[in-house]
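Here is the structure we will look at.
To keep things simple, chains are lettered A, B, C and D as they appear, and every chain counts its residues starting from 1.
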Amino acid sequence: MMQVRITDQPIDPAAETVALTRGRSDVGALVAFSGICRDSEDSGKITSLTLEHYPGMAEAEISRHIEEAKARWPLLGARIVHRVGRIVPGEVIVFAACTSKHRMAAFEAAEFLMDFLKTRAPFWKKVESAGAENWVEAKEKDDNAAARWERGAKRKAAE
Amino acid sequence: MMQVRITDQPIDPAAETVALTRGRSDVGALVAFSGICRDSEDSGKITSLTLEHYPGMAEAEISRHIEEAKARWPLLGARIVHRVGRIVPGEVIVFAACTSKHRMAAFEAAEFLMDFLKTRAPFWKKVESAGAENWVEAKEKDDNAAARWERGAKRKAAE
Amino acid sequence: MKILYFAWLRERVGKAEEDVELPASVKTVADLLRFLTGRGEEYAHAFENAKVIRAAIDKVHVKPDAPIANAREIALFPPMTGG
Amino acid sequence: MKILYFAWLRERVGKAEEDVELPASVKTVADLLRFLTGRGEEYAHAFENAKVIRAAIDKVHVKPDAPIANAREIALFPPMTGG
């Protein structure tokens, strides 16, 4: 099954998760992350988000990071699904799951994938709030989160 | 809703997850861990696991760790469901989920809860393998995993 | 005093719980383990490796030097292996 | 050369992609940004803060000093904000 999917339709985390475990009993740990559109941020109420992406590169870049994760941790499976287009609060923006025999690999790999997806995968968010639309600015803390993994270490560095 | 549940019935991670996000749109991140019964371990094929627990203390001990997690991270919700009784490969042994506004708190808190659940919650596993039943021995690596969080630090220590 | 046993400790002792009359000299969890060890062959077997045994008083983890005077129930068990 | 623009860069330039005839002196991504800046008001506005602009050649991230000679397509975009 496809490890990476980009879709303009609602994401169902349960359905995406099932595909990682169905019909196999070697999986001992599943970590599933859902990033969800909130209804407010520091600047006020959010009406909607619109996600733009670079077709082709988005899939390729995420796939490269999944391969990197598989080289670092003994994963049995990984899956990332990213929503594009217009999204309203409560809907899932991104789903990322990893399976392994043991929990630590699954936890670390899922967090690694999300840190890199945030800073390296070509998606851009525009937020509609109080009638105005604004592009979301990249956050330094996301760059810092990704940098924790840079030293080729299997475990991320302490802060 | 109950944050902690112990059950002798199959656990449905999707159903347990829904309860953490339904009807609210302040949740930006959900991390859900499932620990699943594998069909083999180092010593051979697994027929079944039987989980024993200390009723009352198991719920109380897990609740104490959830309170500790809420003191360390800005969590919006947490839920842990633990299976007891006889389990066959492919079934979920434990489900742990945390929600927060941002992903890092949800990831860290979920991993923290699982590390402590493994070493401090009064459950014991007996494994049936090739017709023989044996109690699972505690693993040093689980003690080490829990020890990473000991220094009162919000972030776990690097290895 | 109500004593509970779990997992292989329960199997070796042969019961899940019992009420035990404790002499006044048994003041801590460590004292209790020594006392129980002398109660018969099955206890000697159950407690032969006393340093791996964990204890909880009234459903809270305690160390071997914990006083047991005010306990309602004391649980003894091997290292935990849940999750 | 095929150039793609995303997010607010696309909005400021006013198009998602275009084919641009590049002089031989434009050898790197940094050269390309400087060249595009001179193409008119909308480009000057789009590239006014060149150091925040990211680039990909044939769908792979590159640095400003990357040579563009063998590129099939070059994408220019602001820092990414997905996930």
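Just so it is clear, a contact is a pair of C-beta atoms (placed from the backbone, for glycine too) under 8 Å apart; a residue touches a chain by one contact, two chains touch by 3 or more.
No experiment lies behind these values; they were computed from the predicted model shown.
Visitor: With chain centres defined as C-alpha means, what is the inter-centre distance between chain B and chain C in Å?
Guide: 26
Visitor: Using Cα averages as centroids, what's the distance between chain B and chain D in whole Å?
Guide: Comparing mean C-alpha positions, chain D is 48 Å from chain B.
Visitor: Roughly how far is chain A from chain B, going centre to centre by Cα mean, in whole Å?
Guide: For chain A versus chain B, the centre distance works out to 22 Å.
Visitor: For chain B, jot down the residues that touch at least 2 other chains.
Guide: 35, 114
Visitor: Indicate the residues of chain D shared as contacts by at least two other chains.
Guide: Touching at least two other chains: none.
Visitor: What is the shape of the graph in which nodes denote protein chains and edges denote touching chain pairs (line, ring, star, complete, other)?
Guide: Contact map by chain: line.
Visitor: If you go through all the chains, which pairs of them touch?
Guide: A-B, A-D, B-C
Visitor: Quick one: in the complex, what on chain D touches chain A?
Guide: It is residues 4, 6-8, 10, 56, 59-61, 75, 77-83 of chain D that touch chain A.
Visitor: Along chain B, where are the residues that touch chain A in the complex?
Guide: 13-14, 17, 21, 24-40, 89-90, 101, 103-104, 106-107, 110-111, 114, 145, 155-159
Visitor: Can you check the complex and tell me which residues of chain A touch chain D?
Guide: Per the touch definition, chain A meets chain D at residues 35, 51-54, 56-58, 60-61, 82, 93-94, 114, 117-126, 135-138.
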